[in-house]
Each structure stands twice: as structure tokens, then as C-alpha cells.
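Below you'll find the structure I mean.
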């Protein structure tokens, strides 16, 4: 149950008109310690929040979207930046310089290894000096570092869904690191709100397709952090993303090979025994995306196939544990609040 | 922001394995004043809550579903009954006799006029003496009565969506009561979780159909309460429900005729000016079900068509404002808690 | 069963890259008498048909999309124009001048009453002299006229779904023409393939909304042809369109008032007794959009509500009987082919 | 273009009320050489076809469903059996004894290796003597054998989607047969029409999950026929099926390892150069299920990942190329008709 601070924390959301922005605003509006004070958008600046985000309650419907370049409202102590990469880096740098704590949902501060950033995004980083203080916000693995930083690089959705089940096995040296295969599937909200023919309802509905081959940007992120948090080895994580005709949800099916797969369930379950937002199912049970949709949970299922192989399946809501929810979780940790404040472990089901 | 009571209120849910039951449990689990203590089910009794409802967080996953006949757990102060009509009446009577406050989501206590109940459900009522103390829980219209009862009859989803926009106009004597037509559309969760061919995914998906003609049960409920709360006249509300290929959401399109439709927006807007869960859009704007999905809101749009006609459209989440959310809102009022405790005015969007 | 002509008819499709264009191409490709020779598009000109329309079989995948301004391929005898209004008028005029028979799917030739066209589309017509020879192609009502024209104005989807059940009742003088109300619902393919935020998957999915109020363009078309084909009276058809989270399908719920509604089923059923593509259900049965999806059928259900009211529900596939299918049906009639050639009365179900 | 035989072939469908049965009836109704004469069902026997299958056109709506035990109608020359396994075996045996040609859509005659059948289905086969004459109907690979049999065992949907791209590579000895991994995804129509909680709309919609682990029945079928048609080696095809929130469509993502993956596109493309229903996309392009939905096509995409790995993706409509369409294709071959008669290579899109 959330603890109430004496005075609420004033919060800004940059990039409020997109899907991750919308989810941030919902979570902030219902958060016991936060007060939404500043919202910015690009094309939609100058409009009321309620005109741009249809699901807004009365409380915040009349808040005005300011331009992304506008000065941040006075008193803001915490900012969530949900902006395109490259744009984010400069906005984040400005906020940090003003002493505002930032959770950045872009890719700009996820890669301490600048070569990976450049390879994945084809860009020279504009704020490399900030990378030292940025902490990769995979909450369950970085609580101590997050508590001591003022800049969290919120992980990508695919990396979150893959690293949560994978890291315990890597740390235990349980799997062959050159035999990993990840087949991942995402709901369409991950593709964003900008109008494109490929994400029109009639193109996505009743259709399923793979994309992003031969190498999706998130593969660099997964591999860099499997290395950094998983024991320091070089690890290849070939993965194939798929677009699924549903709005929310991400499911990653991992094909893993090693010596004693019957031990893997125990390794993963023990790791997350006390984590409120990771639920490891009984061995043999398999999760579904609908089970975690609307919650900040990651559900993990493990099925042993034979003496050397198991299939590990993880599910998250890509907009919550894969974006806005983990961002709020990280903000809670950074600010010393209850880690669960404003977040639900219950899916909105059906 | 929810106020915290010193000691939480122990709550029971009867009929926990269905869709309304699942939503009740989510709202109770995240409610600042409630503690879930007793859950019962029919066929699924004896199973863990987490095995029956996939979206359950760790906190309540191991709670056992008891049989519907089992004695209610000690200390329970509040019960939500989400049972089939006729079954509900007897369970409710037993709970009330034990001094437990009840919000009943069935139709059994919605009809003070027993003839209507019998006509709609083809049943003789088994607990008619309880009808006197039951209060019809259309929250925004019955706050005072709800605060003084121990038994709330939670309204049906269609009646909620129709009565909220209609009652202000009836009270203002603004519309011709013999020219009302309601075309209503519901997501499929309203059809329940019992396996039926007609609600299989492949039968509902990519399909739209009308049903329930010539007279759906909820028509009696609408007409009875349009009379009771709308000024005492006899009112016919012919309505046609439709099944829509989506899980949640209900939209009612009302065709209304009268003298001065340009005044109707003001009448409705003024009525709900201070209601946290009713949002009247600017005149000419039209709501969508996705905007209210996941919230306890009802959004209302009004468009004047000509000098004598307007179209009024209302949207609710049929499982929240149309069922579990309004039930929690009513429980809050009945118990003297903040009416908004544990409820969100923000839709889960997209 | 289709009859085979000795030599196939060379066909052109203008506007081949949209949804109606795609459906035209499918029907032409599988038509026993047609050979697809010319396809044009706007932005997508210069690409292979298979690159623009993903569902193309091998036979036509390498056909090149030419620019809309390019001369029509030699030998073309029949053209389908699926272009925006105003653009269509000029293209159609050019084709007719070349002696090519045309089925135009735009609104440009649907309004012999130019005032209606101007009111609905806000345009002065650029080819008014062609209106005399154009025939409004509601196939079941205009067979003789279609057989004698070289220019068919293919009806809109909403007007098709409304006029088919309404005209027999108007002709029989069975209903009060000032008490008609139409609540119509359409799948999203009717909104076209141009990228817009409002038709993105995540905006439409799990959502339902009304739009087009107070007066949608198709209302002029319905009212003009209810007058022209329904007995010459002035008829108001207030209608409210809704956007449904499905790709195909259109359902119109009509609220009709009159003296003897128990006679209406017989009037409608008799009218279409020999129409292969109109199926009148048993009285009291209600159609679904999925039942007609993929077919050129219109299914009609009639339920009597009381002594003066009945609800009439009609379903079509908006891209087939509401666009490309009726266009092929009209071409068949115009060319003296079997009316059913290349068209299916079987829905693709589930 | 279909050739017309002088007199149509009388056809029976056993198991007409399910999803595969419905699709068979649609294809037969629109087939230039077939006449539907006998339809049987289990629970739904005694009803009109139009009452059980909503998409039926007028032509066959009044055909009566007879009981599965009833004698087949006189004159039937060809039967499609879409019955549960074990039930099918006995019905098929009876039909074959009467000299009727049969395409069986069950699993009963797919396994010449009886041990595999018993392992996969847990049954002793009731008609083992018929297995000798049965031909496994993977049309593109078995044309000669099909042309000479009177009993075709129609392949399963997953095996069809996997074997079509895999067999050319196996025949060319191009891939490491102990490093195959298949991640497959299916629309929900594959789960059948019997009412189950797990396939209700609200359980499937907006959800994605893996199932069938550790070993789905179709794995035996894939492995047996990869052996039989792919060169005689023992091959393991570990595969994980997933349930996708769409009605039709199956996508199999195959992770393949070998020496020279850059050659694989050519191997597969050459194999199907003349196959009207297999479309190999340009190297690097990826198919979608919507592209093949409504058609009898299989679309295949190949992306080379690195010097030893490629991803191969195949898409079919599980009810057409994965069931009823391939059954008609096999019947056409068996009867000496045009292989494409009554089948479309065009998807119904969008």
C-alpha cells in the first residue's frame, strides 16, 4: 500500500501525446505522491491534454500541452522524457543541469558502450559525458544504483522481457551462451502513434508478421546488458520480433540449451522470490500477455523439453513494465518512495 | 487521493471466477481500505485464485476459492455478490441476516416492482421482503439512500449507460417520452465466462450483430428507474443491444426528440458538474469506449441534429462503471469512505 | 456457375492501391471473363502490384502500377474507377469519351440532383453533362437501366445497406416516412488506406465510437435515392454512423414505424425472392456482419416490436456489396454476362 | 481458369458444422465441378445448413445436416471427412469400401509409422490395413501419388506450414538437421468450434500465449514426413505453437543453421517456381498471414542472419492451405481436374 509523502512531488512529462506518454500520465495521475505539473508535445502542443489523450479524467483534462522547447514549469522535481532518440539526449541534458531528476524512456542513455549506440542508431551521441552518471533502469537488478543516481535510462521493452528471465541463468552459468534463440512478439502500441500505413487498423488486424530482421536495434541493448549484468561474457542473442494484432502485450519465447534444464526453474524462481512485480509460474505452466496487461508485472514460465533444452516464456505489458510502469518504479526507487507506489500488480483482465 | 482507514475492511466476493468477479478482485486488491478475505466460486471452487484468474498478482494468487455454499470467512464486513439471478437472492439474504453489508451485482434486488422482475426474468422472487431495504445503486443519483442502507442493488450495465444521460433530461421535462429510441452496443465480456458457442473467439471476432429483440431484460430495468428517478411518468425505452467484437466497453446511442435540444447539453453538463466519474464532452464532441475503458467514468456526448432532435451518446466500461467499479463506488458511499477510493477516473489507453 | 466468353474482356482499375482497389483486383483476377490489363495509383505508381498489395497471387504480382494520368492501356474495354471524388469525375469523363465502359466507385455520378452533390461534397461538379447518362447502380433495383448505360455510379456502402431493405417498404407505402431512424455501424476499411492517426490500429482496436454527426455525406445519397426509387416522396433518413473495431462489415439498424409491421417481412422477402445476393432471414432472426463478409450478399432480418414498430437490420461486406462486389455485379449486368460471374454468395467464415 | 466438366461430381462433407467443414462447403459451393449432395454433423444433425453455418448463400441454405451414422447419399463420388481422429478412421473405411474417393482431414491416415500415431494420439489404430493405400497429401510434393490413390490423408496445418519451406533444404542437404527450431503461431480457428472457456472471445482477444509444450502432436507428423520426403534421415523438429488473437492465419518462424545460408533462398524459390500456390518472396522480404488469408497460398520469406544462420518464415491460412483448400487441391489432383479449380491464389485483403 502506497505511503503518502507530506507534500506531493511536481512532475513533468515530455512527449505526453504518444502512447508511452499517455500511460505515464495515467500512472502519475493515480500516483499517491505525484502531481502532474508540466506536459509537452511536438505537433500537438497548444492543445488541452483532454483533447489529445481521450482517456483523461476531469482532473487533468484542461492541462495545456506546451511545446517541447518551452522552459519546464517551476518547481518540477522529476521528469519523464518519452521522446525520440537523439531528441531526448539534449532535453535530458538540460533537465539534469537544472537539478531535475530524470527517467528517460528513449534509447539515448542505455548504452555505456558508445559503439553499440552508434551501430544500433546510426548516430554520434550528443551528450556522451552524461553516460557516466546514467543508470540502466532494469529495476529488479539495479535498485542500489538507481537509488543513487539522478538519471535513469529506462530499458527497452524487448530487453526487459528477455533480460528478466535470462539474467539469473547467465549469472548461474547455467546455459550455453552461443545457443540462445529468442522469438519475440509485440502488440502494436510499441510501434508508436505517428500515422503510418503499416500500423493502420486494417493492415495490422487479423495479421501477424515478423519484422526487424536481420538485426533489430534492441539486440545491441540486450547483448550489452546481458554482458554487463550477466557475468561479463560476450553473449549473442539473435532475436526475431513479430507484430501481433493486439494493442498491448509482449511475449518472448526463449530457446535455451545447457546441461541441467530441470534446475532452471528453481534458479529463476529464487531470484525473484521477493520481487513484487515478477511472478514465476509453476514449472510447466505458460503465461499469457493478457494476464499482465494493465499491470507492472512480468510473468515467466519454464518448460523443460529434454535433457538439454528448455523453453522459457516471459510476458509483460510493453507500455507498463516495458515502458511507463518501469519508469515509475525507477522513479520510486530513485526518490526513496515505496517501490510499488502508484503501480498495480493486478492485470486489467479480461 | 484515497484516505487510509486505521484498520482495513475485510471483504468477500461471491462468484469470483467470472469476469465481473475478476474485476471486483482487482479493484479490491488495489483499494486502500479493503482486504480480500473470502472468495467463492461454483465449478471452480477448490482451486487457487491464481489458477482461475490469470491476472492475479502474487499477493492474492494463493487464496483458495471456496464453494458458494461455504460459510463466509470470519470477520467479513462487506460482500460483493456476482452470482446469477435467483442464486444471488438467497446468498444475499443470508449475508444480510449475518449483519454483513452487501453490494449485489445481480438483477435480484433491482426491481421494487415485482411484476417487472417476474416479467423480465420469468421468476417468482424468493426474498421479496428484502426489497424494501435494497437501494438501487446508480451512484450519482442515489448517494443519500446508499449511505443509509446495508444492501445495494448494483444497476445493470445497459441501464447505467442509458439512465445517466437520460435522467437529467427527464427531470427537466425536456424530451418527448414517447419518442425515445436507444441503440446500444456492448463488448463481449458482458456475455459472461460460461463456455458457449456463440461467444467463442471465432464467432465474435470480426462480427457485429444485434440481439435480444424484441425486448431485452434490461428494458424493464431502464423503464422502471426512468420512472422512479426521472419524475414519475411512464416511459417507454425501446432499445436494441448489439454485440461488438471487443472485450470491454458499452456505447449507447440515444435518439431524442423534444422542443429545445440546444438546451440539453447544458442540462446534462450542469447535473454532473461535480461528479468525478461523469465527463460531459463539449457540445458536438463524441465519446469512444476506449476512452473510458479501465476507468469508472461515463463519458457523454450531445449533438443537436435539428430544431427537434439530438443524438446523445454515452460510453462506459461495462465491467467497471457498468458492474464492479460502480459496486465499489457504492460500497465506498455505503461505508462513508471517499467515493473515489480505489477507483480511477483515468482510462487505460490505448 | 459462371459462363465463359470466348475472349476475355480487358479491364482497368484506377486507384488500385486502396482497399476498394485491392478488392476489385481480387475479384477481377478470379473472374472467368476478365483479364486485368491496366492498374494505376497515386503515390504508389511505379511499383509492382505485389509490392503494394500483399495478397496478390503470382499471376498479377509483377503488373506495374502506372500513374493515374497515364493513358489507359490499349484494348481496355471496361474500367473501374476507385478514386477520390472530384478526381474521379475527370478521369471518368476521359474514359467515357474513349468509348470505355465505366463503373465509378466515387460519389461523383451518384447525384442527378446537383444541389445535393454540392451540399454533401462542397463542390461544383466538373462534368455535369455526364450525369444524364450515368445510372445509379443499386443492382437489384436498376438492372434494366444498367444494361443500357456505359457509366454506372456505384452506390455508397451506407446507402446500399439502407436502401435494400427500405425501398420495398417505401414502394409498398408501409412505413411512416417521417419516423425513420437509422443507426449504422461500419468496419474500419471504409475509412480508407491513407495514414491517419484516427485509423491507427491502437486507436480503433477495442474501441467504438459514433462519428459524422450531425449529417454524414451519405445521408444526401440515401434520401435522394429513397425518393427516386422509393415512390417519389421526400423522405428524411437521419442516420448515425459508428466505427467498429473490425476490418470489414457494415450493419444498419433501422427503426421503422407504421401501421402493420407484421406485414413487412413478407414485403421485403417477396421483393428479393429471386435475388441471388439478398437473403432475407426468417422473421425474428438477426443477421451478423461475419455471415456476409467475403461475399456479395446482403442479409436482412426483421423483428416486430409492437403494433406499430419493427426493427430491420441489414448486413453487407462494405468492400464487396458495398463497393467492389456490387461494381462487378453492375459490370456483369452492363456487359450482358451472368450477373453472378466472379462473385460469391458464400461468406468467408469464420 | 477452371475447366468445366460435363456433369458435376457429387460431393459429401462429414463434419460439416465445424470450421474446416464450413470452409469445405464454401469451396465446394463455388467449385466449377462439384455439387454438394450430403452433409453430416454430430450434435447439430437435423438442422438446416443455413441455421448452423451463418455464411451460407441461398443455394445450399436449406440442405439438411444428417447424422454422421446415416448412409451416404446416393451418387456421391467424393467425400471430405472433417471429423475427430479415431471417429474419422471408421467413417473413412466405410466410404472407401463403397468405392468413394476420400480426402480425410483428420490425423488418422497421416502416419504410416503406427508407433508415431500411437505416441501422438494415445490410440491403437482401428483401420491399419488402410494405411497402405493412403497418400499423405502435401500437394506440391505428392502429386503423382495423389493422382493414383483413392484416399488422401490431408496434412495438418502446422506440418504444412513447416514442411513446405523445410523440405527443399532437407533434400539439398543444406541445413544441420540437429539445429532446427520452429516457433509457430496460429489463429484461433485451429482450436475448433466446440465451446471451451479457453477459446472464448474474452480469453483470446488481446492475448498471446504459447501452448502444447513440451511436445505437440503435430511434431510427430512433421518429423515423420521430414524423414519420408526429406531424404530419409532422422530429424528433430522441436516446435512451440502459440495462440494468436486472430481467427485465421498461421506463421512459422524457423531458425536454421548450416554452411551456406545465402544459397537457401535460391533452393526454395527454384523448388516452387511453377507451383501456383507457393510464393517465395524476394530475399529479405517477410510475409504476413493477412496476405494469404482467404487464399490457398503459402508465402515464404528468407532472411540470412550471418554466415551460418538464416530465418525462414512461412505463412498460410490454416483453414485453407492448412485444411480445406489443400483438401480441394488434393481432390482436384486425385480426380484429374485442374489443380487450381475452385481455389484462389488471391488473399481476401484487407
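A few notes on this one:
Per-chain residue numbering starts at 1, and chain names A, B, C and D are given in the order in which the chains are listed.
Criterion: contacts are C-beta pairs under 8 Å (C-beta built on N, C-alpha and C of every residue); 3 or more make two chains touch, one makes a residue touch a chain.
These numbers were taken from a predicted model, which means no experiment stands behind them.
Of all chains, the one whose Cα centroid sits at the greatest distance from that of subunit A is C. The interface with the greater count of contacting C-beta pairs, when A-B is set against B-D, is A-B. Centre to centre, using the average C-alpha position, subunit B and subunit D are separated by 45 Å. Centre to centre, using the average C-alpha position, subunit A and subunit D are separated by 40 Å. Here the CA centre of subunit A is 34 Å from the CA centre of subunit B.
Among the residues of subunit B, those touching two or more other chains are numbered 19, 189, 202-203, 205-206, 245-248, 287-288, 290-291, 293, 350.
Across the complex, subunit B is touched by residues 1-2, 4, 19, 22, 25-26, 29-30, 32, 53-59, 61, 189, 206, 247-248, 276, 279, 287-288, 290-295, 297, 344-350 of subunit A. If you check the complex, the residues on subunit B that touch subunit D are 19, 188-189, 193-197, 199-206, 245-247.
Those residues of subunit D that touch subunit A in the shared complex are 181, 183, 185, 187, 202-203, 205-211, 213-215, 238, 240, 242, 244-249, 251, 253, 255, 284, 286-291, 293, 301, 303-306, 309, 311, 313, 315, 350.
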